[in-house]
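One chain, chain A, links the two complexes that follow: it is found with chain B in the first and with chain C in the second.
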Partner chain A sequence: MKDWRYWLAEQRGTLLAFGIFIVMFAIYTSNHPAGFTANVVQTASNKGVLLAFVAMAQTLVVITAGIDLSIGMIFLLTNCLASWLVVGTPMQTTLGVIAVLAVGLLCGAINGAIVIYGRLQPIVATIATGAVYYGIGLLLRPFPGGSVNEDLADALTSRVFGVVPASLVVLLAVVLVIWVPFSRSVLGRAAYAAGSSETAAYMSGVPIRRGKFAAYTLAGLLAAIGGLFLTFFTYTGEAAYASGNAYTLFSIAAVVLGGVSLFGGKGSAIGAIFGALAFRTIGDLLFVFDFDPLWQPLFQGVILLVAVSLGAFALFRVRNRLEWFL
Partner chain B sequence: MDGVVPLFRMEGISKRYGGVRALENAGLVVTGASIHGILGENGAGKSTLIKVMAGVVAPDEGRMTLDGREVTFASPGAANKAGIVCIFQELSLVPELSVADNIVISDPPKRFGMIDRKAQRRIAEEALARAGASDIHPLALVKDLPLSRRQMVEIAKALARKPRILILDEATSALTAADVSKIFDVLKRLRSEGLALLYISHRMNEIAELADQCTVFRNGRNVASYAAGSKSDNEVVELMIGREYSHIFPSKPAAVPAIAAPRLEARKLSWADRLHDISLTVRAGEVVGLGGLDGQGQRELLLAFFGVLRGLGGQILIDGKPVSITSPSVARDDGIGMALIPEDRKTEGLMLPMTVRENLSFAALDRLSKAGVIDRAAEQRLIDDMVGLLAIKTAGLDIPVGALSGGNQQKVVIAKWLMRQPRIILLNDPTRGIDVGTKQELYQLMRKLADAGAAILFYSTDYDELIGCCDRVLVLYDGAVKRELVGAEITERALISSALNIHGEDSPVGLGADA
Partner chain C sequence: MSETTLGGIAGRMPRFIRRADPAVLTAFACIVLLLFLGSLYSRSFLSPEYLLQQLKVASFLGVIATGMMLVILLGQIDLSVPWSVAAGAMMACAAAAYGPVGVALAIPFGILCGMLIGVVNGIGVAYLRIPSMIITLATNAVAQGLMVVYTGGFSPQDSATGAMRYLATGFGIPGVPNAVIIWALIGAAMVFVLTRTSFGRTVYGIGNRERAAYLSGIDTRRVVMIAFAVSGGLSAFGGVLLAGYASKAAQSMGDAYLLPSIAAVVLGGTSILGGRGSYLGTVAGVILITLLQSILSVMQMPEAGRQIIYGVVIVAMLLLYGRAPASR
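Right, the complex of A and B next:
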């Protein structure tokens, strides 16, 4: 009877992120000189999906109550690699794409193996592996350069049927092919269970280790998809340290905006995607209102604080102070 | 019995943790279609035995046979597959997942490689119905359920795994009386369906009602097995503690004169829809009990005194003067000097990974420090006093408090507050899940503190404790005081009838209700 209320409670974080994004995007397009046109949406989508992929990756790890500080560096490394490999004939390009994705998967698997089997703290382990991944990226591309199969790049950054941005279609496909099956599989549930209460999950015979390993590995894959798209947009590879770090931190911000709990066990990659898109829209808003781009970090911080506080409003209604800590 | 292969047998099981011997050559024989009660003090080896059976820990020595074939379990999952399912004392539910997710968590129904949510829902509803808990919605998150409902989910989850041997380790400790009777019916039905049930409880009356066969553990060994009902309670307790069982409750002193000024007084306390116009007094030197069924507002009342509830109506007076207690740190301050021994020691009483020393001194740090620096020598003196006073058994002060047994953890919680020499002590069901020996020590301590001038307000779900320890008992029903029992009026019959809000025919005229 009241099933929908439980569904609503479960999706609250995702819906909130969706709402924030819609409001921000509406303000943006209504103030844009060109208005709500396919062109404006395409540009916004192309800018947004990069962070969306990285935020999805971060979500998988955060659900297990971990954190992946190497995610931005996997994103950079795969970008550098793609600028070497995703070139040539369609056959070569396909193999190149597969190789780039495989490397992302491997990076994630290494993170997972160190955290799960090496029993290191996720923060420490991924800071270290992140530095390694960045180092490899730098070896691959000491200076910005390289190229990419431009037919593929143009196809994936243009529009489908002249209206829908292709990058958005890919994002949707990735959600359907990776996120939905994962979240509904036994491994996905194991990842949630491990993040919520690892002892309870263990006592219940849940495959915690495999669940966490799958989460870290798929996170690497998603970051690699992001890295591929970065190459498609820029046609080059660049091991830009600041950019890698920014993506890591922004992915955490997007995850929080998207209603994913940093304590683990709660949230959805869909929420994180809207969180990422909303976060990206901040810069666009500053642009249409003619603010100096220098204001951007400040505004991003303020929006993040406001969004996170929305979730804390419920605490004002609590009459038993012990519930503050739950 | 001879000649028949028992369903499950364990022999010569030994397990050591470091230098501590948890099990020494222990054994157990389980037959189908029966309920087997397991008794013993905390630390007697019951929990370890269960963990061995359930595949949580591997024994150092010994063998187990199921249907006459030797078995070993590498993980809880392996034991589950063999049909041995355990409901652990520490709940094994994942808080952020839904009830249905939790019920099928070990082996979710799958369709095309993904979890089949419809089938999952169906299984969960069936299991909840079988456990007599159809009132729980399968989509509710476990973290939103109260403790007693969670325990019902835990039982439903165990049933969903179709066990052959079901182990219940203190599985009713958080349940309300109504749930306990429901669960007992369920357990009896399971027995008639041919299941073997192992029932571990500190509540003798539960074992007496349920068990066909009993085994007593002491010091890591099974010391006696007997048919239920063939031994008296006193004999059983003597087997458990290995010494003469007498005078478990300390003798009560003469009643504190009613003219003595109250130390703690409540006038018409109300909060949300949980507390209604509660008025009570506790005088120095008095142990006042809070009785009634579980969940009638007793916990909230204690939290109200301790400054945890917001929007409290009514008045609290300390030594006759109205006070405003806005937080636990105000409550514990010198002017008020209140201490609350919480119900859930693991979350509200202790920081499990921190050391015994740190846990002991937390509440008293302000008294032990000058200008923010802790006076180590003073801290050590006080800690030594407390460890001695409460006879806390610990391998050292610098080991994590989580490594102590349940009874000793509870002693640490109490010692922590005694370090402040509180004038008012609130206890929220402090003996839950604690062995007889430790209980006895706590009863004596409580009386000693009262004699030394503390005012004690003591909530317990165990009627025997209220009868044995309290000078007066206030019985709560639906957030209001239904009856006050004084001295000899405190009988099991009076407690139960007023807890159920029945006007018992034995209620003495003119002495009863204050409602």
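Right, the complex of A and C next:
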């Protein structure tokens, strides 16, 4: 087999997600009353980028065969924190942004420490830490409110050179600064290896604990970037339980759509980004076709159900029935 | 944890304590500790009325946690609890609008709706081999969507039927709330199923190693599907009771039951990986969680503080005795 075939096999999920996104976005823009204009793209990207960051965060953890059910709550917490800190002079704003990112990093590190060094199951541990993060968020913002440095917010949610949405540029920068170096580093390889087969990775002398810890920690950071962006879009902080839960749920949906295996060891954050953008576009299709917004939760739920059921097609390739049971 | 010291202490204790799971013992010890702390804060904390009231509130969680435990014993998880609870409650209330027949069938209809959600979960997990965490999240979202469409975004006008209110708040036997009796009956049935039937043994077997159970000639997929259906039905029944307790159904009524039901089962010593755990532990976990919530609300802790303490306590207790064995 040639090299490019291996590459293709590895990137199949990502390419599929990219394809779904392109098709969905084409349907969306062609039926949008305004058509394919910079404005429509900007609005769509601003909405999609939020989920894309959270989905990237979820990908990092899912690659290690874990799951982070507190990711939506870290997103909320950093949103509430940003509505306090990211204000004032440029200097204060910068410090505020750094503080918010540091808190996200810390939340992720706490998750990682509890799961890896505390040896608790990720599902239960992150549900519990999620309650804590939500509580802190509620403490910071019992009622929706706060403000944000509007110059920075407007700069990051407008367009660069009048064409490219700034939020997409930031997303690209985050991919280049965080995801690409991580996935190519020893730690990133260790995270993949730990998700693929922890025992084999350990036998090969891969630093699995550090790799997993780095994945959880960076997931917190990415969720915090998402939380910052939410603040830039809404100018406020709000600790809404339902919204945090929805982001956790949608991040899993985006990860599945993006071709990341929930059993770990397979997939990439790029795929999850396209999964997130596709998921958002599908949700918005309803508005283009003038459906009652009441149907949106059901529509998104059905898409989620269908998306996760698609994985069942792998069953047809099973030759030995014992492979049903992991 | 060193087995020798534990064994040494346990050796001097009566037989029934020696045989008990250390996790269950820890959970009961924590209950005693909480009661002690509560009594320091307020004298009325140890009064029979207050304790009975706590038991009544605990029984709603107890019914839901029973289904959750069955699923966790399989090594799976049911994250569709919030909207199974809400769907059960809302559908039961909705059925009551259709004349006397509707009123009579309200409770079974609510439970049936929950079981349907459970069956979808079960088909996904058992036959399509989708990870339970994912498929149950998805069915949860679908159930939410259906309920939102059904109610048009508002809570339904229909209120709970008399029978639902009687089950949740009445006193069939003087002094003992009906809800507690229902929990006791469901608990007894669960203990019987888990310890005295082949279905129960199969559940433990699948939780330990589904492959081995399958090779022993068990139709493991059917057992998994039934377990999920039962879990959905019990969640819905919990929702029916809650609707009776509050006299009406609301959309977000189930949200507050997902984390507590998982926490109650896990704090009771049931392994989240499946195959190990006793119903007594789940009872302890349910009472423990209810007491913790009650103490926090008696202290008039705001919601934020409650969530924080709640999460911290669960993580702390799990670190105490819920850890996976060190690999290697």
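Criterion: the second predicted complex is superposed on the first by the 302 of 326 C-alpha atoms of A that agree within 3 Å, B and C clash if a C-alpha of one lies under 4 Å from a C-alpha of the other, contacts with A are read in each partner's own complex, and residues count from 1 in each chain.
We take it that contacts are C-beta pairs under 8 Å (C-beta built on N, C-alpha and C of every residue); 3 or more make two chains touch, one makes a residue touch a chain.
This one's a predicted model, so the numbers in the text were calculated from it and none came from an experiment.
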Touching partner for A:D3 - first (chain B), second (chain C), both, neither: first
First (chain B), second (chain C), both or neither touched by A:P181: first
Chain B versus chain C as contact partner of A:Y192, first or second or both or neither: first
Touching partner for A:K266 - first (chain B), second (chain C), both, neither: first
Partner chain(s) touched by A:Y202 [first = chain B, second = chain C, both, neither]: both
Which partner, chain B or chain C, touches more chain A residues: C
Which of chain B and chain C A:V124 touches, first, second, both or neither: second
First, second, both or neither for A:A26, with chain B first and chain C second: neither
Touched partner set for A:P297, first chain B, second chain C, both or neither: second
Interface residues of chain A shared between complexes with chain B and chain C: 202, 321-322
In the complex with chain B, residue positions of chain A that touch it: 2-3, 6-7, 9-10, 181, 184-186, 189, 192-193, 195-197, 199-206, 261, 264-266, 318-322, 326
Of all residues in chain B, those that touch chain A in their complex: 56, 75-77, 80, 88, 90-98, 101-102, 105-108, 110, 113-115, 117, 137, 139-141, 143, 157, 271-272, 300, 303, 307-311, 327, 348
Of all residues in chain A, those that touch chain C in their complex: 67, 114, 118-121, 123-125, 127-132, 134-139, 142, 198, 202, 241-242, 245, 249, 252-253, 256, 262-263, 294-302, 304-305, 308-309, 311-312, 315, 321-322, 324-325
Chain C residues touching chain A - in the complex, by the definition given at the top: 77, 124, 128-131, 133-135, 137-146, 148-149, 152-153, 210-211, 214-215, 220, 252, 255, 258-259, 262-263, 266, 272-273, 302-312, 314-315, 318-319, 322-328
